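Structures given as C-alpha cells follow.
Two complexes come next, and they have one chain in common, subunit A, joined by subunit B in the first and subunit C in the second.
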Partner chain A sequence: MTNDTSGDVRLSGISKAYGSFTAVHPLDLTVPQGSFFALLGASGCGKTTTLRMIAGLEEPSAGTVFLGDQEVTRLPPYKRPVNTVFQSYALFPHLDIFENVAFGLRRRGIKSVKKQVEEMLDLVQLGEQARKKPHQLSGGQQQRVAVARALINHPKVLLLDEPLGALDLKLRRQMQLELKRIQTEVGITFVHVTHDQEEAMTMADTVAVMNAGRVEQLGSPADLYENPRTTFVANFLGTSNLIEADVDSRSGDEIVLKAGGGKLVLPEARCSAPTTTGGKVLVGVRPEKISLTHAHDAGEIPAGRNRITGKIADSRFIGVSTQYVVDSPVCPDFEVYAQNIDRDTRLVPGADVVLHWNPAHTFGLDATQSLLAGTVGSVGIEEEAAV
Partner chain B sequence: MALVNWLRRNLVVIAGLLTLGYLLLPNIIVTVFSFNEPRGRFNYEWQQFSADAWKDPCGVSDLCGSLSVSLRIAFWATLGATALGTMIAFALVRYRFRARGAINSLIFLPMAMPEVVMAASLLTLFLNMGAQLGFWTILIAHVMFCLSFVVTAVKARVMSMDPRLEQAAQDLYAGPFQTFIRVTLPIAAPGIAAGALLAFALSFDDFIITNFNAGSTVTFPMFVWGSAQRGTPVQINVIGTAMFLVAVLFVLASMVIGNRRTKQKA
Partner chain C sequence: MATLTEAPPPLSPTAPAKTPPRRRGRLVPYWLLLPGILWLLVFFALPMIYQASTSVQTGSLEEGYEVTWHFATYWDALSEYYPQFLRSVLYAGSATVLCLILGYPLAYLIAFRAGRWRNLIMILVIAPFFTSFLIRTLAWKTILADGGPVVGALNTLHVLDVTSWLGMTSGDRVLATPLAVVCGLTYNFLPFMILPLYSSLERIDGRLHEAAGDLYAKPITTFRKVTFPLSMPGVVSGTLLTFIPAAGDYVNADLLGSADTRMVGNVIQTQFLRILDYPTAAALSFILMAAILVMVTVYIRKSGTEDLV
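Moving on, here comes the complex of A and B:
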C-alpha cells in the first residue's frame, strides 16, 4: 500500500486566470496516496478553484495535473478516476437515495448495483432511507448520501469541497470524526477544501494554507501551528501575539532581541527570517503558552523566561479557560489564555501584570510583512466574516 | 350575532365556493345543453332530454373534420414550439452572447401584441411570400405565438436549476449526452410540460390568428363560429363537454399518481 502511487495527486505549475484576475498562481503540490490533505484558506483564496482543476470542472490556464502516473490535465471530469463531494451536496432531486448512490455505477455500465449500493448505504447508516428523496432527509443525512455517492465508485482520489459548511457545529464535529474514520477505513486519498482552520487541523494529515492564490505554507497541523512562517499563517491558524523587535545580539543558538525596554530570547532554529544585528524581526508567541502573574509577585517568576509587562484591558471567562487581553507597551492587544486551575482573583481588568513564557515557545517572522495578515478584518477574510 | 360569527369563520370557504361556481357554471351549462333536443336550429333554450347528440357526435357535417384539423395543428404546434422554446430557454439562461438582452425582450412581444395586429401582419407576410394559406400557414403562426409561452415557462425552471447538479453528474462519469438525458431533462421536465400544455391549449382554441391565415382550411373554433351564424348543433356542446372531461381526468390522474408516490415514500 505504501509503495502504491496510483492515488497520488501531483500538480505542477498549475494556475488559473479569469481575464486579468489570477485565481491561482503557478502552484506545485504533491498529495501522497492515502493521505488526508486539507486546502485551507479564506473564501476567494483559490482553494476551490484548485480542487475543481483536479476534478476537471475547471481547466487550468497553465500547468499539468497528474493522478498517479496518468496525466489528466485535458481529460473531461467524466473520464477522471476522481469523485467530488460538492458544497451543499448537489444531490439529484428527482432521484431517490438509492438511485443517487447508484448513479456513478450505472453510468459506467454496471448492471447489478443492488448489493454494492446497499452495502454503501449501510456504511453511512442510511439503509432505511434508500427509497426517500433527498429533500426528505436532514442536512447530516444528505451529507452522508453525498459521501456515499462519491465513495461507491472507489475513486483514486476523493475531493471534498467544504462538505461540512452547511451543518451546525455539533453535527459538523460528528461528521469530521466520521469522515476521518471512513478515510482510514477505505484508504483513499482525500483532498478536503475548507475555510475552517479547526476542521483542517482535526482531520488532515497535511494542511496547505492558501492565501491570494498561493500556498503560504504546507505541513502537518502541529508544525503549522507551532512554526508558522508568515504572519498570515500565524494569524489564520489560531491566534498569535506578534511583537516588533530589534535584533540585539546572539548567544550560541539563541538570538537576543530588544522590544520596548525589555529583552526577549528567540531560538535561532525557530526563526524563519534572516536576522542581522540591528535589523528588525517579528516575534510571535501563542496565547496559551503565556503565564500571567500579578505585578506584586513578579519576583517569583523563574529566571530565563521572556517577560513583558502590561495592564489587563479585558478578561473573558469561557469555562475551560479565561482569555485576557493585556495592554502592553510592545503590543496593544496581547492575548493570553489561562487554564482555570488556580484563579488569581487579583487578575481583573486594570491590574498590572507580568506576562512570561518559555523562550522555546517563541517564533520569529520576517518583519517586512503586515502584522495583521490573516486576521479577521484584513483583506481576504472580510468576505468570510460578512458571510 | 351568531350569524356574523359564523360568516366570519367561514368567509374563506364561502368565497372559494363562489369563485368555483363562477368558474364552473359555464361548463355545467354546456354539459346540460349537450343533452338537450332543441326545437329550432339554435340550442339556447332547454326543451327535453335526449342523448342523440352523444350517440352521434360527428353527425353534423364538417364538425369532426374540423376537430381533427385542430387536433393535428395543436399537436404539431405543441411539439414544434416546445422543442424550439426549450432550446431557446436553455440558451438564454446558460449562455452569454451578443443580442441576448434583445432576444429576451423580443420573445415576449407575441404575448404583449394584440392578436389582431399579429394576425394581419402575418397574413401580409404570407401573401407577399406567395405562400398558400392553409394547414402549414396556420401551423407556422401557432408555433410562433406558442413559443413565447414555452420559453417563459421553461426559463423559470432552468433559472432555478443548480448548475452543480450537472457538474455532479459529469463527476459521476456521465458524458454530456447522459448528463442531459439523466439529469438536465428530468429536472427541467415540469417546466417543459407546463409550457407544452399551455401551447396545446392556446393553439387548440386560437381563433383570430387562425381565421386570418387559414385560407380554406377550417379549424374547430372556426367551425363553431361559422355554425353559430346559422344555428348551433348540439354536437358542439358534446365536443366541449368531452374536452372538459378529458382535462379533468388528466388532472385527477396526476393527483392520484402524486398521492401514491408520497404514500410510498412515507
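Moving on, here comes the complex of A and C:
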C-alpha cells in the first residue's frame, strides 16, 4: 500500500446505544487506505450500525470517527467524502440511470457530467441502459448502477451495506469478483458489511468478525479461518470440530492433552488460551484437515498424528467431496470432509473408523466459552447467516 | 344398452368439463364491472343527457320547455356570467394554492416526523368531517365576525391594510369579502389536499433521503430533487381534489361572501332554484364542466406525472 493515509478510516472508542440496548460497544478499528475491509457478522451484531456511523447516517453515542486526518464524527453525510452502496440500492425511481449516476456530481456543482457518467456506466457495462428508469433493470443491473452512482464521486471510502444480499447465488458470485476487480482498479478503501462468511472471505483483505456489538477477531481471511481465537469465530467461519480436553503435560513447544482416553498434541503457538497442567482447553480441528481410515487399517496410519476413533453416523456425497459425520466418544458429531480421490467403499454409515490429522492443524481455545457459539440456532444466528 | 352408455364417457366428461370454467372465467371481469357500469349509467350518463337536452331547450315555466337546439343559451350565459366564472377560477385557484402551502408541511410532518403521534394527527385532520359542512362554514361567520377578535387582531397588525390594498378585503371588515370566501374554501377543502399528499409522501422509501444525503445533497436539495418530485402524484391529486369541488362550490360564497363575491356555483344555484331558468343553469353547468376538464387536462400534461400517477 502507499503512504497516503487520506483514505484511512479510524474509529476510536465509538459506540451506539438505543435506549438501554447497546448496538455497538466501544470499538477501535483502523481500516488502512486502499484495503478491502469486511465487517462480518449475523444480523443484529452491530455491523450495519458501525457502517452507518462511518457514513454519517447514524450519530455515535460516544467516540470519534476519523477519515484520514479529518475528524468527521459530527459532520452530516453530505459533507463527508464517503459514499454508500445501500442494501436495497435506494436508486431514485423518478430519475433515469444517467441522472442517478450523475446525482452526486451535480450536487457538487459540476456542470459537464456527460463524459464522466458515460465512462462510469461503461465501467459497469450499462452504457446502453442510460436512459432507462431503475425499475426497468434487473437486480444485478440495479446493483451495478448503485455502485457506479457511488464510485463516480471518487470517494475516499466506499461503504457497501450488504450490497449483494438481494441477488441470487450465481449473480452474487459474479458480482463478488466484479466488485473485487473494481476495487483493485480504482484503489479506493472499501468497507463491506455482510453476513455471508464466504463473501467476506472471497473479497476482503481483512475481515472483522462482529458478534453482539463487539469485534470478536480481526485478521486476514486465512488467518481467521486457520487461527480462530473464539468458538464464535471457529463456528461462524466455516465448520469446526471442537473437543473438550484436559491438559496432561508439555513437551517443548507442544502441549499434550487427554481427551476421551486418547492423547492429542496441540502446538503451543496455536493455543489462544492460557494452559495449566490439569486445566481444561478446547481443541479444534477443521473438517477438511482430517483423514479417515477404516479401523482395520489403523496400523497403516503414520506415527505422530492425532487420532480419534469413532463410527460413521452419516455420509453425504456432494461431488467434490464426501462429508462424513462420525460419532466419537469425544464429540458426538465429528465432521470430516474427504476429497473424492480414492474412495474406500468400506466407509459407509456404521463402519468403525480412525480419524487422524497432523497436530499442526490443531488449534486451542479457552474452555470457558460455549461450544456452540456462532453455530446455526445459537443466539443471534439465523439460518441464512451460517450458510 | 348398458355397455353402450358406459363406453363413451371417457371422452365426453373431459370435454365439457374443460370448456365451461374457461368461458366463465372470461366473463367474470364483466360481471364484476356490471354494478359500477349500471350505477354510472343511471346516476351519471342519464342525468348528463337529460341536462344536455335541457340546456338546448327554450320556453318558459308556464308554457313548458321543449328542445329547439337553441345553442345561443351557452353564449348568452357565458357573456352574462363570465365575471363569476373568472372569480370561481381565481378563488378556487387561490384556495388550492393556500391548501398546498398549508397542507404540504403538515403532510410531510405526519409522514416522516410524527412517529407515534401519526394516527392522532391523522384523526385531527379528518375530525372536521364529523360536523356538517354547513355548520363548519357558519362557524367561520362567527370567527370572522365584524369587531371579533380575529378581525381586531388583523387590524392591529395592519394586515387588513395590506389585504384592502390588494382588494381582498374592504375597510375593517373581513366577512363578506373575497378573503373570507377564500378562507372558507381553504378550510373546507384542506383535508382533501392533506390526505393524498400524505399517502404519496408516506410511500417514499426513507433510504432515498439517506442516499441523497450520502450523495452530497443538503437537506433542502434532497427535498427539491427527491422528496418533492416523488410526491408529485400526491400534489396533482390533492390539487385536483381541492380545485374541482372548490370551483363549483357555492356555500362558502353564499355564507361568507357578498353580492360582489358570487361564484359560478351561486349563479347556477340561483338559476335552478330561484329564477327557474333551467336551460341557462344547465348550460352554465356544462360550461363549468368543460372548462374544468380543459384546465385539468392541461395541468396533468404540464406536471408530467402520467407515469407516476
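Just so we're on the same page, the second predicted complex is superposed on the first by the 380 of 387 C-alpha atoms of A that agree within 3 Å, B and C clash if a C-alpha of one lies under 4 Å from a C-alpha of the other, contacts with A are read in each partner's own complex, and residues count from 1 in each chain.
Definition applied: a contact is a pair of C-beta atoms (placed from the backbone, for glycine too) under 8 Å apart; a residue touches a chain by one contact, two chains touch by 3 or more.
Everything quoted here is computed from the prediction, not taken from an experiment.
K.L.:
Answer with clash or fit: subunit B and subunit C placed together on subunit A by superposition.
P.N.:
Here subunit B and subunit C cannot both sit on subunit A without a clash.
K.L.:
See if subunit A has more residues touched by subunit B or by subunit C, and give me that chain.
P.N.:
Comparing touch counts on subunit A for subunit B and subunit C gives B.
K.L.:
Please work out whether A:Phe103 is in contact with subunit B alone, subunit C alone, both, or neither, and reply first, second, both or neither.
P.N.:
Both: A:Phe103 reaches subunit B and subunit C.
K.L.:
So in the superposed three-chain picture, is A:Gln136 touching just subunit B, just subunit C, both, or none of them (first/second/both/neither)?
P.N.:
In the superposition, A:Gln136 contacts subunit B only.
K.L.:
With the two complexes superposed on chain A, say which partner A:Asn153 touches: subunit B (first), subunit C (second), both, or neither.
P.N.:
both
K.L.:
So, does A:Phe92 touch the first partner subunit B, the second partner subunit C, both, or neither?
P.N.:
Both partners, subunit B and subunit C.
K.L.:
Could you give the residue numbers on subunit A that contact subunit B in one complex and subunit C in the other?
P.N.:
Residues common to the subunit A contacts of subunit C and of subunit B are 55-57, 76-78, 82-84, 86, 88, 90-94, 103-104, 107-108, 149-150, 153, listed in rising order.
K.L.:
Under the touch definition given earlier, write down the residues of subunit C that touch subunit A in their complex.
P.N.:
Residues of subunit C touching subunit A: 205, 207-208, 210-218, 221, 225-226, 229-230, 308.
K.L.:
Note which residues of subunit B are touching subunit A in the complex, please.
P.N.:
Interface residues on subunit B, with respect to subunit A: 162, 164-165, 167-175, 178, 182-183, 186-187, 264-265.
K.L.:
Write out the stretch or stretches of subunit A touching subunit C in their complex.
P.N.:
55-57, 76-78, 82-84, 86, 88, 90-94, 103-104, 107-108, 149-150, 153
K.L.:
Applying the document's contact rule, which stretches of subunit A touch subunit B when the two form their complex?
P.N.:
For subunit A paired with subunit B, touching residues are 55-57, 76-79, 82-84, 86-88, 90-94, 103-104, 107-108, 131-133, 136, 149-150, 153.
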